[in-house]
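Pasting the structures here.
Next, two complexes with subunit A in common: one pairs it with subunit B, the other with subunit C.
Take a look at the complex of A and B:
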């Protein structure tokens, strides 16, 4: 695919998370923010001024018709991902799509096909993948610093506090039909599943236990899985309503620990910073190595994700986190949900046939 | 809002809100919230609470699946848990 001289972005969806997704596009020297789009005209105008865009739209189809724009960032509710991606592909815009990729697996397959046929790049954005302490953790894993990885333990603790999110946004995320899944294990969980796959490889099967708070929020939960290479994974989800989280973003924080044959690698934060300890710690050979001098703000991961997308388009290469990667993580989620509904181990390969287009 | 005040408001607000939302129509709730917002803002001048009430009134004005969801959550909410969350929201900057 041809290299771009400059990337001329259009942002579709100007809600809460766009505050962070925009960061990499605003300070990349070869990226121009051409237009923003939101169904709320007031919000679109405000974002245009705030970010210095040239124009705004309230209908994404009009933004797609703008010949000046050559790439789009799609930050819409999950049910709108498929039509937005198809419209972008038809208009020959390169696409960065916010996670989770889709609601049903066949939608993800259709997005991949649409981008391929149109000859545009499709990237499914997931910022944890770019979080600097996780990048270093992965580098050390690949370098064999702790030997062969045997297990991964991911902890998510939801807590009181965090930034303001509009009530309407919370509500559509809490409704299974509107969101396309559960708010924690599916929506937020996509990040954790992404890290689980990124660090340790392909998953063979999953077994889960999920409880619901208020009948809508899927915590507490335990998600377990086995990798094809025999290693094990565990994701523990809890909510602690009286634990005050002074983080700048969502009221949640993570802990990711990988145990290897000769050591342990622990990342102590991501979304927030509940514990003021080094963001990355390695134990091996009877010694601790603590990394303190690393960018560890959650916003850094969004910034770097934006830069990677722009750099890829300038280099004429596929951005990291392909459509196939996105679809794989959706299969992981579907296996988790199936395991919850049917109370059994579910193999990811069982889900492959759901990628076929449904009958009209 | 100071913690003791947030705690008191949260306890009263949750009990009242649950009874009220489960026993009144969407339109009635939306109308009442608009009035409540004006009163709260006039008395306290607190924009955070005022904006929160405005958002709620908009949700009830629209009705549909979102208010069904709110009622389902309120029916299933454990009072202690809900009060803890509400208190934390009220305390937030």
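Take a look at the complex of A and C:
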């Protein structure tokens, strides 16, 4: 695919999370923010002024028709991902799509085909993948610092506090049909599943236990899985209503620990900073190595994700986190949900046939 | 506020609030939140509180899926867990 001289972005969807997704596009020297789009005209106008865009739209089809734009960032509710991606591909815009990729697996397959046929790049944005302590953790894992990885233990703790998210935004996420899954294990979980796959490889099977709070929020939960290489994974989801989280973003924080044959590697934060301890700690050979001098704000991961997309388009290469990667993580989620519904171990390969388009 | 008092207040608030939300129609709730927003603004001037109430006015006023989910959450909420949240809000901790 040809290299771009400059990337001229259109942002589709100007809600809460766009505050962070925009960061990399605003300060990249070879990226121009051409237009923003939101169904709310007031919000679109406000974002245009705030970010210094040239124009705004309230209909993404109009934005797709804008010949000045050559790439789009899609930040829409999950049900709208497929039509927006197909419209972008048809208009020959390169696509960065916010996670989770799709609601049904066949939708993801259709997105990949649409981008391929149109000759545009498609990437499914997942910011945790770009969080600097996780990047270093992965580098050390690959370098064999703790030996062969044996298990990964991910912890998510939801708490009181965090930034304001409109109630309506929370409520559509609690609507299984509208959201495409559950708010924690599917929507937020995509980040954790992404790290699980990124760090340790392909997953063979999953087994889960999920409880519901308030009849709609899937917490507490335990998700376990086995990798094809024999290693094990565990993700523990808890919500602590009396635990105050003074983080700048969501009232949640993560802990990711990998145990290897000769050591342990622990990332102690991501979305916020519940523990005032170094963001990355390694134990091996009887010694602790703590990394303090690393960018560790959650926003850094969004910034770097934006830069990676722009740099890829300038270099004419596939951005990291392909459509296939996105679809794999959706299969991981579907296996988790199937395991919850059928109370059994589910192999990811069982889900492959769901990628076929349903009959009309 | 002492812990035992916050606990009692939270239990009472949760019981009354839940009963009220589940026994009023969406339209009635919307109107009541509208009135409460005006009162809250006049008495406290707290913009955040008014913003939250404004959203509740819209959610119940639209009488749609969002209101249905909000009702489902209140009807299925675990009592002890909900009381803990209300208590945390009362004590601002």
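Methods note: the second predicted complex is superposed on the first by the 360 of 360 C-alpha atoms of A that agree within 3 Å, B and C clash if a C-alpha of one lies under 4 Å from a C-alpha of the other, contacts with A are read in each partner's own complex, and residues count from 1 in each chain.
Here, a contact is a pair of C-beta atoms (placed from the backbone, for glycine too) under 8 Å apart; a residue touches a chain by one contact, two chains touch by 3 or more.
Bear in mind that the values here come from a model prediction, so they are computed numbers and not experimental data.
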Evaluate whether subunit B and subunit C can sit on subunit A together after superposition, giving fit or clash.
-> clash
Touch check for A:261: first (subunit B), second (subunit C), both, or neither?
-> neither
Classify the contacts of A:242 with the two partner chains as first (subunit B alone), second (subunit C alone), both, or neither.
-> both
Now for A:341: first (subunit B), second (subunit C), both, or neither, which partner does it touch?
-> neither
Could you say whether A:171 touches subunit B, subunit C, both of them, or neither, answering first, second, both or neither?
-> both
Of the two partner chains, subunit B (first) and subunit C (second), which one does A:213 touch, if any: first, second, both, or neither?
-> both
On subunit A, the footprints of subunit B and subunit C overlap at residues 160, 164, 166-168, 171-172, 174-175, 178, 213-216, 241-242, 244
Subunit A-touching residues of subunit B, taken from the complex the two chains share | 52, 55-56, 58-59, 65-66, 69-70, 72-73, 75-78, 81-82, 84-85, 87-89, 91-92
What part of subunit C is in contact with subunit A in the complex they form?
-> 48, 51-52, 55-56, 58-59, 65-66, 69-70, 72-78, 81-82, 84-85, 87-88, 93
Which bits of subunit A are touching subunit C when the two form their complex?
-> 160, 164, 166-168, 171-172, 174-175, 178, 212-217, 241-242, 244
Per the touch rule above, subunit A residues touching subunit B in the complex are 160-162, 164, 166-168, 171-172, 174-175, 177-178, 213-216, 241-242, 244, 251
